[in-house]
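Quick one: the structure is below, and I'll ask about it shortly.
Think of it as A, B and C in the order they're written, each chain with its own count starting at 1.
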């Protein structure tokens, strides 16, 4: 098995320098790939491995072509070409259609013959499964969940009542979608629950990483648009809206009713306040908090870099005195102005 | 089906301006609600939608009554009234009592006839389930777990050995309660596990959001008091104590042996150090760290607001120099004092 | 049942002051332990409870021996002795070997007679289970997972395809190991998934806390070395390497391709950037971010301590002006130098 360099060249949209009939069977890394491997150079840091590579072919940008000792596929964006080549070399495992004996499927659920419902799954009343859907082992789909064609729930995924997934979604284990958000009213100190009756609605081609929570809407829906990619351990609270092709790295968190634009990125651990709005093309750095709406595309950061503990002790104690420092600077400026004036007068 | 405005007025403790016989069937939002919907106005931001609303009735505070074009229920606290009205319009789904064929229930477990044990659940030895309890699909209850009357485990909940839930608790999918905390001793570099033998004990009316972890005590118990509300993706470490009616938003984290008072709130992503104590009525802002005990009620914050990346680069580099800045200011103050004195002497 | 003080003295490597034949049945806390309990004093904060303790014996350091009113075991490190004594008094529950009727085990999976496969588990094709392994209720092990001898998956654990656990690992509920990491390439705004084909490989004696995610490698493996201890709600991204005996507290997060040395500790909520390296013996404080490689052992911190909200408002607004403050200080220094010089010239 494998693919020829001719095929990979087409898949990658590349210009081939080398033997189009060469067979590629797997992907490797520049530094340790061998016979039959294609590898790629996207990050300048790894360029030093290129002259010694033993791979059969390398995907790279034109400026590295000369230094390449083996066949190469020259592309504009090695990262993108690498993604496409990997998808060709490592296609998803095929669906084994059918419902496993141990799965519990409500009589009112709709499961087409092309879908795979694996061991120990539960599909509740009114669930609708699309064609070529994989529901992996141990998944729970509560009442009226809808899963679009070609979507895959890898394993141990829980979709709460009324959750809707579009087509070709990929949901990793431990994910919970559509659980109640945090809706509370206060009655003389005690909390009264506000029933959460909205849904979580995901578009097409959405990926959700392991152990991530996406809550249902309070009234109205939580909406994740087409092509959004969400990493592991993320929290998306009730009534959040996320625009097309936005990506959120691990441990990011978005509080309730916030609207994130399209083509945004949130770095790992980024925390976004509730009831605000980020326009399209906003990029929030990792470990940064965002408290107010962002109305201008760009990169936004509040990451606090760590330092040696003894330096931290000295410097961060001053955070309590920043306002005093400004006042002292202002006082000095005034006094120096007076002195300068006198000096100039008397000088 | 539905409720009359007369009924809702009683439920909300409201004063009705309108037709007590009008039938309300559902809740809506000011901006898009229609015939048969009740809606509410709690947040001033949405007041502009009021004059145009097509809802059948609006729950609001007295200052907005005049601007309301339809029937209204005047209340002191629209949020609270809204919660009560929603609970009346959207009651919990009724329990379908009985044990599903696919559930594995140990012979020594006690399950009353009024409880629902759903598909693919596991109830271990010594488990005790109260009346009217829902154990949703895919839950795992290990040895000697006790679940109080009226509590609901929505689905895919794991309660570890000896965990105790009070009455009317609501536990969302992906939650793990009573797993081992992080107890380690060090033996010349290698870690030796400290067995965790305490329990996790939750009071009545506790809600726990999706994918939250509450660890068992090391020795003694982790204790969550009555009425505590915990959002998604939260971590409560071993031997933490949380007082009555405290609420913790998503991704908050409390390190081991810390005691949080009653009527506190922790914002999203708030991180509380271990072995400290927060008194009652402390409110920690989102994305804020708390390292030391807080002995006075109030609002506490350390959120670092994001800014444009270029501004961040310039400003945050100075965090390493804060102490130097203070020294330089002090030196300037001394010098200016000398100059001023001389100036006054010679002036 | 129970153990004699003679036995516990040997287990703890202690010097005994007291009756070697005394029977100890359980562990307690200094302040409320009673007859038959051993307790320990490791933290000076609790020393005031010692003179009044009603425990049968206390594990303590030599400086507290005199103040102890009951039998005592004198040791160099009470924490470590306490861990060893607890392990003796509270051994793991024995394995109940065999495969539960409700477990789904693929015909090609290898399960030795000494292993326990509990209710509602799924073991896929090619899974290999070691001797004395516990796979608790509701676990899902996808294709070709390998679990080493003596490891325990408490319940509701999901191990994705090809994941390898060493011997004596302890994995708590809700954990997901080996799910896809966040590998994306960008095609004119839209994200293209990069197939994740590496594995997650854990060494011996690794503990993983509830609801933690450890992603598989993109190409090559995510590697967790022997003796690593990971708390709850942690995220370890693709291709991370963690050295021997490193410990990570709750909600810590490590971005992709980062290498953490041996004997490190990460405090709760510590966030480590991707593609960096921390050498051995680095300790990152809780709630601290680390953006760059750390090449020197030591303690590193960026925790921002919370303060009263009104103080925060005043002080943190200045974070946007730190660079300005430095410029103003520099300008003042220059002006004061000029004034001083003139003063000295004219003085």
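The rule is short, and it goes like this: a residue touches a chain if its C-beta (ideal position, glycine included) is under 8 Å from a C-beta of that chain, and two chains touch if they have at least 3 such contacts.
Because the structure is a prediction, the values reported are computed rather than measured.
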If you fit chain A onto chain C using the CA atoms, what's the rotation angle, as a multiple of 5 degrees?
120
Determine whether chain B and chain C, two copies of the same sequence, contact each other through the same residue numbers or different ones, counting it as same when over half of the numbers at the interface appear on both sides.
different
Using Cα averages as centroids, what's the distance between chain B and chain C in whole Å?
25
For chain B, which residues are shared contacts with two or more other chains?
102, 120, 138, 156, 174, 211, 233, 251, 303-305, 307, 316, 319, 321-322, 325, 329, 332, 336, 339, 343
Tell me, which parts of chain B touch chain C in their complex?
102, 104, 120, 122, 124, 138, 140, 142, 156, 158, 160, 174, 176, 179-187, 189-195, 197, 211-213, 215, 219-220, 233, 235, 237, 251, 253, 255, 271, 273-274, 284-285, 288-292, 298-305, 307, 311, 314-319, 321-322, 325, 328-329, 332, 335-336, 339, 342-343, 346
What part of chain B is in contact with chain A in the complex they form?
27-29, 77, 79-80, 82-84, 86-87, 89-90, 100, 102, 118-120, 136-138, 154-156, 170, 172-174, 207, 209-211, 227, 229, 231-233, 245, 247, 249-251, 263, 268-269, 286-287, 303-309, 312, 316, 319-323, 325-326, 329, 332-333, 336, 339-340, 343, 347
